[in-house]
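The next part holds the structures, each set out as structure tokens.
Each of the two complexes below includes chain A, the first together with chain B, the second together with chain C.
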Partner chain A sequence: MPSWSDFEPFIVSGLALGGVYALSGVGLVVLYRATGVLYLAFGAVGAMGALTAWSLGQAGAPGWLTWLVCIAVAAAITLAYGVLFGPALAKRDPLVKAVATIGLTLILYGLMDLLWTTSGGEARSLTLPSDNGGFSVGQIQVNWTQVIALGAGVVLTVGTGLFLRFTKLGTAMRAMANDREITATLGVPVRRVEAAAWLGCGVLAGIAGLLLADLVALDATTLTFLVISSLAAVLIARLRSITITFVAAIVIGLLHDLLTPITSLTNYRDMTPFVLAAAALLVMPRSQVMAQSREEA
Partner chain B sequence: MKANILSARRTIVVAAAIAIAAAGCSSSSSSSSSSSSSSSTSSTPASTSTASTSAVSTTQCGTKPGVAATGTPIALGAIATNQPGTSFTDIPNMANAYFACVNANGGINGHPIKLYIATEQTNPAQIAADAKQLVQTDKVVGIIGNTSIIECSVDSSYWQKLGYYIIDSGIAPECYSTPNSAAINMGPRYSSDGAVQYALAQHASKIVFDQSNVPGTGYIAAGPAALAKAGNVPIVQLTENVPISDADSVAIKEVDDAGPNGAVILNFTPPEALVILQAAQKLGLEDHVKLWGCSTPCNTDFLAQSLGAKWNNKLFVNAELTPPDVTNTTTMNLYKAILKQYGSAVSGGIGSFSQFGFAEAEIAVHALETITGAYTVASVNAAFKGVTNFNTGMTCQLWTYGSYPLHIPNNEDYTVTPDNGKMVTAQGCTLISSIDPQIAQYRSAAGTAALAPTS
Partner chain C sequence: MGADLSLRNTADRRTSRRRPARPQLIKIATITVLLLFVLFGFPQLLSLYYIDTMTQVAVYSMVTLALGVLVGWVGLVSLGQVAVLAIGAWVAARLLFATTQPYPVVLLEAGLITMVAGVLIGLPALRLRGLYLALITLMFAGAITVVLATLNFPNGGHGFTGYNGSLVHIPPIRRPSIASSDPAYFRYSVIVAILMFLLVLAHTKTKPGRAWAAIRQSEPAALAAGINTTLYKLWAFALASFITGVAGGVLAGAVHYLYSIGFPTQDSITLLAVTLMGGVYSMWGAVVAALLYQFLPALLNNWGVSADWLTILFGLGVLQVLTTAPAGLAIEIVEEAHPPPASRLQNNLTRMGHCLAPWLSSLVSCPKPNTSS
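And now, the complex of A and B:
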């Protein structure tokens, strides 16, 4: 068993990854609560944004512009999907809505493979200026991108919580989560509220794509399927609580990286989100039913 | 109403769980069908090629400059992996470019070469079907340019049964350990040997050898393990699930295990190696070990450009073929000229993959030109097998097929290092050590180490 000092460096990398998983998870929860759609294309649109940003960078565009384009591309694709397909799918079963986003994922994935082929051994990277600076905590080197990743997770979780609670738009989103029809009857412009949710989710997908392209890899496959870790956090939160989503995402990122120095477990660390999500699914239904009963009583 | 909402939520939670499981299996679920393409005669310049060719005419590739071959085509076949994240199609595509050049300049005694390229997605049933299609439907008389993760393992016995002698770029163990396959490259094991050998020569006190967690890692790891053991240097063997989603952790572990006088040797595809090396750089770890090494896939300018100057003389990459950027021979210039004129389908441009394809096509054309009668399976494969001491201009050694139980005809390599965005030679031709028992067995069978080119 490794000593505590062996684990220390992995705390920082785990927290940074957990932070990005958290902001992704928050985006997924907010969109689900507003529209009933579990957006499985979250990773793919982020990847699309990041690869577009890389191409712009290669063409000589300044860094700040490429970052904005990354976010804009992810937001535009997500908003366009929501506006075009959202109304048609609004009354369909949640399973149909989720599967439809897998369709978008596959289209984007194929497009990325076509536009940014890996034939010939191309290796791409998207680095942020924050990689070049940082500080040390004891023996641990921390760079600013890691700090930004964790900070973005915290800020967006808190900010989204406040937004949902204290703004008119947030209140409308919460109302729609309970009942879309009644909310519409009360005069809430549901299409506009849904569009805002899609746009917000797309922006978060772009930010996550940018950070993950730097922290993990600029690769369509990797970025597309990194949504799994966020999805596990969302599942643990039962698609409801952004606070639980945040905590679960941090735990997933942290636990995943802390398993690295343990030789017997290191090759199984990628199972972390699956194991935690499965455990949550097994344990939580009973307590949720009890809570539901109490609510109804 | 609340019950309905709860029900809907439960449904979506179950759906999401299924989606997670499906995504977890995604890397092995590809099943698209194979495709064949006829030889291209496109003269569109390859947009990805930026080679400066020193006034070499592509008409040198054929025996009758400017005279297009119009005879009965000689059908050859190739199978290449082509799936998201892993594509080796540049190799047969470059061979096809070479053949297009030959066809435009006389062909083989007036016969054009037609290369059928089948692609596969690491599906054994599909790969076996590809081989049968090439033989039974396309009627190919020879196989050249195969580059696949598992094709050698799947089809080796089939080729032996039919009497085909394959000229390929090897990955799986059977590409090197069977009588019917001879590769232009060393493959992951011997290339990793070369990288470890270089680190040991630099007096690294410990070796950390890290590679993808895929089938065949034990076979690859055996070579570096033997070299380290012979040098009395401890070796730590690691494997990583790919795609790597936590490069920071991987880099930290490698550096911790190697120590300040140790070496970290990577055997990954360029994108995976890049994320590890960049993670090390971001964490300031590149100077925390004596040196970093890498097997051949890292030998790309893409990687050198992405890494930047911090890795100059810090990363040392095994190179199985002659470095193209700093070589100005007639053959190298012909390769660049053909790539430019005929290589529109070669997406990676100048690099190891297109060099593999060029050299394999050279060998095939050389063999076909020795045939005086009909181009049949028997005559073509006898010609392939009979290639002896052929100078491809791309390797340290002359290339020989021969009647051996195993084939490692390329067992002498270069070492290159990044130099401000380019890969430059750090060490010239060096024989891979016979301490690797497979190399020793080949040299025993082939008589001795193969000769070096005379020009």
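And now, the complex of A and C:
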């Protein structure tokens, strides 16, 4: 059994990872509540943005421009998908809407593999300048990227909560989560509100892609499927509460990294989201889910 | 209502006992001729490269068949079917190295063990709505990739895992003695696949098929009609896992050597894409899907075209299938395009569901859920 000091650095990296999962999870929940779409391409658009940013960086573009491009690419793809396919699928089952985003995932995945081929064994990396600076808490080194990651998770969760409660657009999104038809009847421009939700989700996907490319790896497959961790958090929150999403995401990130020094479990740490989500499903009462499905019917 | 339903059931059964009508005979004859051609013509006509490819098509047609049952008949979506296939292949490989049991016995055992694993995974999610199953199976696929990367596929070593990293001469996974050559093993795979198709046919034509159709139409209505929805969903999931497990066993012999990188998470979602493109309401859809999934890449590989184009094509295919919903290709039911055997029962259930749904939902949702977040 490793000693406490072995765990210390992983607390920081785990919290940073959890922060990014949290901001991804919040993006997913808000989009799901507003449009009924569980956006499975979240990781793929982030990866697309990050890889585009990498290419720009290689071409000599300044750092801040590449970060903006990363976010813009993810936001643009997400918005385009939402505007093109959102209305066509608006009245379908949430399952159909989620499966449709798998189509987008595959398109992006194929494109990324074509444009940034991995077979050459060329390792890419995206580093933010905030990696270099930092401070230490006791024995633990903390770099600014980790602070930004956790900070972004906290700020965006709180910010989104406030946005949904106090702004007109946020109120409209909450209304649409309850009933799209009635909201439309009351004069809310539902398509514009949905487009706003798509755009917001896309921006978050871009930010998450940028941070994860730095914190984890710049690799199309890894980034595309890191969304699984956020999905686990979203599932534990039953696709509704952003507070529970935040807590679950932090726990998943933290637990994942804290397993690293334990030799017998370190290889299995990537199973954390699955194990936690399955455990959450076991204790989830059926009645609540049936009630929810009526709401969405 | 209940009496009415049971009367209709007996009527259905009586008609199905009658001698098959002429068009049906023609259909059966056509299929038989086609199968005979595949079994005896293909090995004569095709090069070894394409015979191997067609063996893979036979294997994956079982997997897409299983996924098609879930998606098309019950309305469940699994995003982790390749992970289930990997479990089947792992179990079969382990048994083939450890024992001298005949191949069909190993296939059966692989299927049954995979079935147990599938049921354990599906059980928590099957009580809930479909979206949860899709999510948990996607996570499962990711988790299995992790486990396989650590555990590795058996390569003739000892112990539970059967893996020995320091082996120099890795023995190939054995094939049945009657089908050791590639053409013979191709025939063997096709015959196993036919058996699996018949197994599914036996389910869809009888009580489980009707129960599944009712669940797909409306779960509350099926519940109201006295169908044990969790049991039948679990049954479908168990059947799909069994078939996929058997397919894994056939795959083990087909390729001789198994590697954990051969079962990545993304393959599970590609598999769902091709299954949807092939069509989930007809068993031919499974064959079409398997051809898309295995034959097209082999063809493109032969022409020197990157398989990434295919991934993009599959992505576009999913979007096209789901948005324009061509007959029999989408998840949602197009009643006119696809009257399944239980269509009359289904119509009744839908009608009943419309009457009962408001009442039922008021029953299950006592506290109004808080929707403020």
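Operating definition for what follows: the second predicted complex is superposed on the first by the 285 of 297 C-alpha atoms of A that agree within 3 Å, B and C clash if a C-alpha of one lies under 4 Å from a C-alpha of the other, contacts with A are read in each partner's own complex, and residues count from 1 in each chain.
Here is the rule we go by: a contact is a pair of C-beta atoms (placed from the backbone, for glycine too) under 8 Å apart; a residue touches a chain by one contact, two chains touch by 3 or more.
Because the structure is a prediction, the values reported are computed rather than measured.
> Could you say whether A:225 touches chain B, chain C, both of them, or neither, answering first, second, both or neither?
So A:225 meets both chain B and chain C here.
> Contacts for A:254 in the overlay, against chain B (first) and chain C (second): which applies, first, second, both or neither?
In the superposition, A:254 contacts neither chain B nor chain C.
> Where does A:34 make contact in the superposed view: on chain B (first), on chain C (second), on both, or on neither?
neither
> Looking at the overlay, what does A:111 touch: chain B (first), chain C (second), both, or neither?
In the superposition, A:111 touches chain C alone.
> Check whether A:143 is in contact with chain B, with chain C, with both or with neither, and answer first, second, both or neither.
In the superposed model, A:143 contacts chain B only, not chain C.
> Tell me which partner A:267 touches in the superposition: chain B (first), chain C (second), both or neither.
Once the two structures are laid over each other on A, A:267 reaches both partners.
> In the overlaid three-chain picture, which partner chain does A:10 touch, first (chain B) or second (chain C), both, or neither?
first
> For A:242, decide between first (touching chain B), second (touching chain C), both and neither.
Touch status of A:242: second partner only.
> Between chain B and chain C, whom does A:100 touch in the aligned arrangement: first, second, both, or neither?
second
> Residue by residue on chain A, keep only those touching chain B in one complex and chain C in the other, then list them.
Common interface on chain A, chain B vs chain C: 38, 40, 93-95, 98-99, 102, 109, 113, 178, 221, 225, 228, 231-232, 235, 239-240, 267, 270, 273-274, 277-278, 281, 292, 295.
> Help me check something: in the complex, which residues belonging to chain A touch chain B?
Spelled out, the residues of chain A in touch with chain B are 6, 9-10, 12-14, 16-17, 32, 36, 38, 40, 93-95, 98-99, 102, 109, 113, 117-125, 127, 131, 141, 143, 145, 178-179, 215-217, 219-222, 225-226, 228-229, 231-232, 234-235, 238-240, 256-257, 260-261, 266-267, 269-270, 273-274, 277-278, 281, 285, 292, 295-296.
> Which chain C residues qualify as touching chain A in the complex?
75, 77, 79, 121, 124-125, 127-132, 134-136, 138-140, 142-143, 146-147, 149-150, 219-220, 264-266, 269-270, 272-273, 276, 306, 308-319, 322-323, 330-332, 357, 361, 364-366, 369, 371-373
> Looking at the complex, which residues from chain B come into contact with chain A?
Chain B reaches chain A through residues 1-2, 5-6, 8-13, 15-17, 19-21, 23-24, 26, 48, 82, 84-90, 213, 238-239, 241, 243-250, 252-253, 256, 269-275, 278, 281-285, 297, 300, 302-303, 306, 346-349, 351-354.
> Which of the residues in chain A come into contact with chain C in the complex?
Residue positions touching the partner: 29, 33, 38, 40, 85, 88-89, 92-96, 98-100, 102-111, 113-114, 161, 164-165, 174, 177-178, 221, 224-225, 228, 231-232, 235, 239-243, 267-268, 270-271, 273-275, 277-278, 281-282, 284, 286-295, 297.
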